[in-house]
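One chain, chain A, appears in both complexes that follow, with chain B as partner in the first and chain C in the second.
Take a look at the complex of A and B:
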């Protein structure tokens, strides 16, 4: 049956070439497009994680939904000790965040003040790299602000100028002090740059009565792929129901949802293309089968069963699809591999990103053999489906009718 | 006939609306008089502990008020001035007068459960809201205040229960734009000062934080006295801080 199928492929060249080419094109397109989509999503995520958000963050339950001093972490040192025993964590740092009023001589504005451990923060996020003027903070920095350029502009201040801070301390009492602008940064995130000022946690803890307290602990992991496993370990080590350890998938829910929506639209447009290809392959197959009704009638008359006819069609499409994929898969895999190592850089956007320094301008492809294998299976499945209607059409003829068909 | 019924209906509706407006105006008159000087004790309960504050406040009409912190010593001398719905603060420790920007108006005032907006816009229940009676039982009337179309207010609506014997509020419920309860002002211990009635004990609770509240006790209330206009100038922030 297999050799008969092979003979048919050679005999019906037109149908064979069309099926081969369509399968080849759709395989290349599916594998490369999915690789590009996955790669750009991964790049988006890595860029976002570089700026400030940690791969994992530990909060007191309620802090993210309600917020306020009631939901601060109260014993940061103990949590830090527990984290130091977990494998796969590259580094971690505690942050104390509060909303406060900042006022220059002319202007006042609401701002997010983030007290950070400067040395640890430099390893965990790209805040230090985003420096544009002045200096970054260090552990001994006193009343120094490291401020987003947008916020500096709002307050109309320059390096060395004084800024009054008015806020609420961790015990809900009133807190105020004068700070100096020591450095400015620009991350490329407009909202972040226009609302955020950093201060050394050592100094701020005294002002806010926040020793051994933090809004949350931010964690960087060695490999993002292991984030769920590490998070499970953290939850088990903390063993505290009042705390929650969350991965970037929850922390950046909006971005994850945006990526999912983007993927859905990507798959829908790809699916439309594949459906067109599927119908073209099916129509070619159907036209071919229609012209071979008499042949099938004769075959059935000499004893070939219906199931064998189905096998014949199946082998034909299997051979054609396999030939196309044998050529397409290595080529598409090479394209994915090449662009995963040498990402695409879009001119124009590249210059804009370089200005910010920390956000990558590259769009890498994802090279994942398993994903390529799944995509190949999709192509096989579609091609197998394309023989169902032609087979049904043959099935409607009796052997006698078929052998007399013109 | 139809015209008569319609006219009567409009007349009755306008009478009810006028009655609600009159009640709210009388309530507002009681709360502020022509001017009022008060010493306030404020107890803020949060994080499982109490903080006490003592405040001197002067206000005149709906547009002017001056507030000074008297206690605790750490915060003594901090002053606030509200003029025409704008607000400034003076902090002696850093010797700075700071204008509170509109984006901070919903922030808690000095860690209490009242907001900066409460300090500035106490008049808005008369000017910015339409009043409608929704229930009347003996001496108690429940009025719903909904924002006027062009009013710059933060609440979706306010429901207030008013005692018609004294024209003082017993409870205010504040709702957000999604019609969800946000906080409650509960009033008690109504006292008469001259011709005015005012509750001297206020309790402010958040709908979502049952473990914290603020209690305000009006200790020394003086209506319609002579308050120097010097208190309502920006220079007062620093001058009367000492």
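Take a look at the complex of A and C:
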């Protein structure tokens, strides 16, 4: 049956070439398009995680929904000790965040002040790497601000200039101090760079009466794929109902949803292409079958069963699809691999979409063999479905009718 | 003769009914899906542009020269009120409004965030851009100390109707001033900047807070469909920064261009595949009837008449498919235009990116005309290859041939 199918493929060249080409195009389209979508989403996520948000963050319940000083973590050292025993955690750090009014000689603006542990932070986020002028903070930094370039621009200050800080301490008392601009940074995230200033936690804890307190603890894991397992371990080690340990999937719900929406639109467009191609493959298959009705009649008359006829059609489409995929898959995989290492660069796209959190001009592809394999299976499935109607059509003829068919 | 050819073409088009139905389904499904996607994407972009215009910039906005670089009170337009009256007197101007904007810190008892306070005249805004349509929750009331808050800012500060907020900013003398406000309404404009940071209050309260006169404004927005108005205003007020909507929001222009490119690529690919589909069917249909054409040539029918018949067959097939595609396409678009595509399960993401949770499609006549010409062109082109085959036929050999 297999050799008969192969002979038919060689004999009906027109249909074979058309099916081969259409399968080839749809395979390339599906593999490359999905790779581009996955790659750009992964890159967006990694960029966001690299900048500031941790893979896992520990909060006191209520801090994220209600906020306020009564929802600060109160015994950070104990939590840190517990975290040190968990495998899979690369590093962790505590952060104390507050909103305050900053004033230079001429201008005032609202800002998020984040008190950080500079040494740990340098390992966990890309804040230190984002340095553009001056110096990054260290544990002993006193009244030093490490400020986003956008914020520096708003306050119209330069390195060494003084900035007045007015805010509320952790005991709800009034807190004010004079800071100096020691360094500036640019992460590329428009909103972050224009609203954030960092300060050393050691110094800020004294000013805000926040010793051993933190807004949350941020955690970097060795492998993002294990984030859920590690989070479960953290929850069991903490064993405290007043705390919540959340992964990036919850912390960055908006971004995750945005990627899902983007994927939905991407798949809708892909579905359109694949459906049209599916119809054309089916039409070519049907046209081919309908011109071979007499042949099937004769085959049935000499004892070929309906199952065998189905097998014949199945082998024909299997061979054609496999041949197309044999060519398409390595080519598409190479495209995905190449652009995963050398991302497409669209100059200015990050500037244009800065308000949407796009921080890079690069659009990398994802090279995931398993994903490519699944996409290949989809193409096989679509092509197998395309023989169902032609088979049904043959099925409606009796062997006698078929052998007399003109 | 032509009547006879048309009759033959019509009958031949439906001779192999199953085959014809498959092609019709292919055209109808691909066309209606394509139109629905095109309408949905256009609808998204148009809706966003329309709301951005109505909520902020209008068709044209005027600022003082340096304001957009340094948003300080000293860069406000000092004589905005007489300027507004002047512009209102231009015939093609539909509406003009003044806005006063200040950036600062918005604080509740528990949370604080960067925010932008916008002093507006609610009645003028209603006339300008139907402001009340942006209301998501509560009521449009900025009387006394009432405030309307952008939906994303409300989420950040955990605000609800009745919440109290303090907004602090620098006044015209460089002093820090604060105003206590009560949230009366939550606003969703789909303009990211406004939704994430805007608090709207009565413009009179803004004058008091910043200690400025009522002739001052940070922005003058104009609604007008007159394409010449921008140049006219630029010439008339060279000392001011006069900008069109797309100059102020280049991202919208880029989004529109990207939608156009994406729709064009989709259109091209779908039509190419439709062409391949029709071509295959036409080719086989001609091959099936080579003897018939040989006999027709043999009894004296001119090649040009056979050519017309084959082209007509292809056109009839494509046109019938087009009709079904157009009907299903209109139905899809009407449904999506009326009820939209509900993506409220992704509300957080859509709202933070400036989209509405229900996306509505737009319907344009050009969708149908473009598709009509493309499908007709595909059908005529798909007859070309089989025609070459017929042209080369030797009637005697063909009649003898066993197909």
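Keep in mind that, in the parts below, the second predicted complex is superposed on the first by the 387 of 406 C-alpha atoms of A that agree within 3 Å, B and C clash if a C-alpha of one lies under 4 Å from a C-alpha of the other, contacts with A are read in each partner's own complex, and residues count from 1 in each chain.
Quick note on the criterion: a residue touches a chain if its C-beta (ideal position, glycine included) is under 8 Å from a C-beta of that chain, and two chains touch if they have at least 3 such contacts.
Bear in mind that the values here come from a model prediction, so they are computed numbers and not experimental data.
With chain A as the common reference, chain B cannot sit beside chain C without a clash.
Within the superposed three-chain model, A:282 lies in touch with chain C and out of touch with chain B [touch as defined at top]. In the superposed pair of complexes, A:401 makes contact with neither chain B nor chain C.
In the superposed model, A:253 makes contact with chain C only, not with chain B.
When the two complexes are overlaid on their common chain A, residue A:174 makes contact with chain B while staying clear of chain C. Of the two partner chains placed around the shared chain by superposition, chain C is the only one that A:14 touches, whereas chain B remains out of contact.
Which of chain B and chain C touches more residues of chain A: that partner is C. Judged by the touch definition given at the top, the superposed model places A:206 against neither chain B nor chain C. Applying the stated contact rule after C-alpha superposition, one finds that A:272 touches chain C and leaves chain B untouched. Overlaying the two complexes on chain A leaves one chain B stretch of 21-29, 93-101 or 219-227 clashing with chain C, which is 93-101. In the superposition on chain A, the residues of chain A contacted by chain B and by chain C overlap at 66, 68, 99, 101, 103, 108-110. Chain A makes touch with chain C in their complex at residues 14-15, 18, 22, 65-68, 98-101, 103, 106-112, 154, 156, 195, 253-258, 260-261, 264, 268-269, 271-273, 275-277, 279-280, 282-284, 286-287, 290-291, 352-353, 355-356, 389, 393. Partner chain A is touched in their complex by these residues of chain B: 44, 46-47, 49, 51, 74-75, 78, 89, 91, 93-94, 96, 98-101, 103-104, 107-108, 110-111, 208-209, 211-212. Interface of chain A with chain B (complex): residues 66, 68-70, 99, 101, 103, 108-110, 164, 166, 168-169, 171-174, 176-178.
Chain C contributes residues 16, 18-19, 22-23, 25-26, 29-30, 33-34, 37, 70, 72, 103-107, 109-115, 158, 168-170, 174, 176, 192-193, 250-251, 254, 262, 266, 269-270, 273-274, 276-277, 280-281, 283-284, 288, 343, 346, 348-350, 352-353 to its touches with chain A in the complex.
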